[in-house]
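These notes open a run of structures that come right after.
Below, chain A partners chain B and then partners chain C, in two separate complexes.
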Partner chain A sequence: MESSVLLFYVLAALILISAVGVISAANAIYSALCLVTTMFGVAGVFLNLGAPFIGAVQVIVYAGAVVVLFVMIVMLLDLKKKERPLQSRSVSSGIKVAIPALLVGIVVAAAQMSIDFATQEGAAQSGGFLVSTKELAQLLLSKYLFAFEAISLLILVVIVGAISLARSPGGTHVGPQ
Partner chain B sequence: MGQDGFETTINLIKLLLIFLAMIQAVPVLVWVERRGSAFIQDRFGPNRVGPLGLMQLLADAVKFIFKEEFSPNKSVRAIYYMAPVAALVPAALALGALPLSTPIHVAPFEWLGRSWGPYTFEMQSFDIPVGIVYVLAASSLGVYGLLLAGWGSSNKYSLMGALRASAQMMSYELSLGLSVVGTILVFGSLDFHTIIKAQEGFMHFHLFGSEIQIFLPNWGIFYQPLAAIIFVVAVFAESNRLPFDLPEAEGELVAGFHTEYGGFKLLLFFMGEYGHMIVASGLFSIFYLGGYGLPWVDTITVTEFFSGIFSHSTTASIVTSIFYLVLFLIKIALFIWLFMWVRWSLPRFKYDRLMDLGWKTLMPLALFNIILTASIMFLAHFIHWGV
Partner chain C sequence: MLDLNEFMHIGIHHYIALSLILFAVGMMGVMIRTNVLIILMSIELMLNAVNLSFVTFSHYNKNFDGQIIVFFVMTIAAAEAAVGLALVVLIFKHVKTLNVRFFEKLRG
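Showing the complex of A and B:
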């Protein structure tokens, strides 16, 4: 077996195991740490695909900044009571299992469709080449400019929403008083 | 890893050597720090054990290793033991990608009855095409060691220190990254070797169609003085040194995130901190002081000079490489001395002032620097094109 294929399976196993850890860990801090491992796995996959820039940016943005914020917020919470997943009544447990199952189904279907695309278009190009940062930037600012700007608009909406929630009295939760 | 056994072996030895060099530098730096602080404060410092107190390092190491191994009763064991390693590893990973000197070219030679083909050994653990992004990514992970230490110890002071550390390091990471962008714009690359090569010789640039030459080394600090200042301040905050050592402010938080750590575990935190200092000094030299390069003189001249003295090309290459390594180490040592000088000269910031400096002063300045650099480069390029 080729070393990059072997590496892919190792990384995929790491990503899947730690992603399951994220949603099943009883303690929020372990959940956040599992998320860091997942991000490392994804960065490793990018490196394996010959895109070191995206891999490094993945580590800077997600592992280095976003998840650090998660960990920080979790530390500020008062985590005395540990909640096990799937311990409440059977009906709600059933719903909790059904929703992820549905999501997994959608993801698998989407993956199969994209593999179809990949075999037709991508396979000719992706013969183990290194994506240079310049090519990436040119694509991002020409062909995918609309998607790029749409994402920044989405982030702006999220920021405005977070600020307006934080400023409203009581926030999302109306207190007992 | 390598085309045959010889190259692989040398590369593996190199990986180990660079890591060990970082570890070995720590006791020396601790000694310099203590003697240096004594010198600045007009005291003696450690001078009892051995000549100049140098054996103090060995005594300290032995003391650290033989201390009783313990963990607090209420600590979360796994995280408590994970934290010191998580503090050390990012620094080691980042240091591995810094180019320490020119590559060594080994000419084909006969050995053990077969010929060994020409090799090129980079003077770094591994060469990565987007080195700058990689080093920034690796060193941004250092905050996990502090966070985990604070949470795993189950101690109020530790947790306070960890929270301060994470907020501070994340705030200053932005300014750090943005200050580097200006340098990347000027030299047009994310690769360390290209940036160092671009800083050789005299300062010269094209402006409005004419070439201008100035009697200064072609260093980044003369192109990006503002970015250099922002970089230094942000790096001080990133490595949690005075005047930004709020995560371990001993007057308020006992010892901050490492209150509950002793013995070798504490030493690992020190290694991480000094490792970050070495990486930061290396980055400053590469971005603003021409990396391993000799001011005014380019690499080709030096290589030819040593080729004239040593007849064998491999020997000449090794000597050139060692010459540049020493130069780079001198630059790093000078910057580390600046770290220590500032530590023993300035008082600690207040926390709100720290955040103000990070978000309201450094970040707008860094953004301004990017816009300024980009517009000047665009204008110069545009008008040059028109002529």
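Showing the complex of A and C:
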């Protein structure tokens, strides 16, 4: 067995086990820790697919920033009551689990039938496809320049929005009026 | 029918299947959990699954554009998490719980 095949299965197992951990942990802090493991697994798959820049951004943005934000909110809210998923053993719980599973089956079958096997062979023969950060940056700042500027505007709006939400009465900022 | 050779050579189907299962786990999380923080985490899982399929298609089609889209999706996901968590803090101050079943009282 090739090492890349083994690497794929190890990463897939890591991702799926920790993803199930996210949705089944009773305590929100364990969910956040499982989310970090999932993000690292996905970053490993990105590296395996020849996208080192996206893998690094995944670790920095998700594992570094987003999950820290989640952990901080969990600490801030001081949750005492634990709650487990699927407390009522009713028919609706079964349906809620069955619908996504059915979706996976249908779409995997559709992909198996529709995706051309030739693209797969071509990529295997050329022996890997590595995108350098330089090429990515040139594309980002030429073809996608408008989207890049629009995203920066979005981030400005989000900063203002998050601060104004957190400062409003009833938010975390309780001070003299 | 079940060929062992198919498991030994990793192709585009394997990555798509992984991405789909991850998406389905996130979808289940949104439906079966009532804690609003864990619902937000499940949304992050679904966004990651979509990113995974974008990078897979980018790799197998030898096209960079998919990776640029992933970059934008990550930015928007971080922005969404920031606003979502600010709203969670605000709602928690009003309702004193994170259970979405009690959010029906939100009025004014």
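Worth a mention:
Note that the second predicted complex is superposed on the first by the 102 of 177 C-alpha atoms of A that agree within 3 Å, B and C clash if a C-alpha of one lies under 4 Å from a C-alpha of the other, contacts with A are read in each partner's own complex, and residues count from 1 in each chain.
Convention: a contact is a pair of C-beta atoms (placed from the backbone, for glycine too) under 8 Å apart; a residue touches a chain by one contact, two chains touch by 3 or more.
Bear in mind that the values here come from a model prediction, so they are computed numbers and not experimental data.
Touch criterion not met for A:Val160: it reaches neither chain B nor chain C.
Contacts of A:Ala147 after superposition: chain C is touched, whereas chain B is not reached.
Look at A:Val59: by the touch rule set out above, it reaches chain B but stays clear of chain C.
Once chain A of one complex is fitted onto chain A of the other, the partner contacts of A:Ala13 are absent, as it touches neither chain B nor chain C. By the touch criterion defined above, A:Val36 reaches chain B but does not reach chain C.
Once the two complexes are overlaid on the shared chain, A:Val71 sits against chain B while remaining clear of chain C. Put simply, more of the residues of chain A are touched by C, taking chain B and chain C as the two choices. When both complexes are overlaid on chain A, the residue A:Leu136 reaches chain C alone and has no touch with chain B. Contacts of A:Ser93 after superposition on the shared chain: chain C is touched, whereas chain B is not.
According to the touch criterion, the shared surface of chain A, contacted by chain B in one complex and chain C in the other, consists of residues 53, 57, 65, 69, 76.
By the touch criterion given at the top, residues 79, 128-130, 133-134, 136-138, 140-141, 143-144, 147, 150-151, 159, 162-163, 166-167, 170, 173, 177, 190 of chain B touch chain A in their complex.
Residues 29, 36, 52-53, 56-57, 59-60, 63-65, 68-69, 71-72, 75-76, 130, 132-133 of chain A touch chain B in their complex. Of all the residues in chain A, the ones that touch chain C in their complex are 1-2, 4-5, 8, 12, 15-16, 19-20, 22-23, 28, 31-32, 35, 38-39, 42, 45-46, 49-51, 53-54, 57-58, 61-62, 65-66, 69-70, 73-74, 76-77, 79, 83, 85-86, 93, 96-97, 99-101, 103-104, 107-108, 111-112, 115, 119-120, 123-124, 129, 131, 135-136, 139-140, 143-144, 147, 151, 154-155, 158, 161-162, 165-166, 168, 170-172.
Against chain A, the residues of chain C that register as touching in their complex are 8-18, 20-29, 31-35, 37-38, 40-42, 44-45, 48, 51-52, 55-56, 58-62, 64-65, 67-68, 70-72, 74-79, 81-83, 85-90, 92-94, 98-99.
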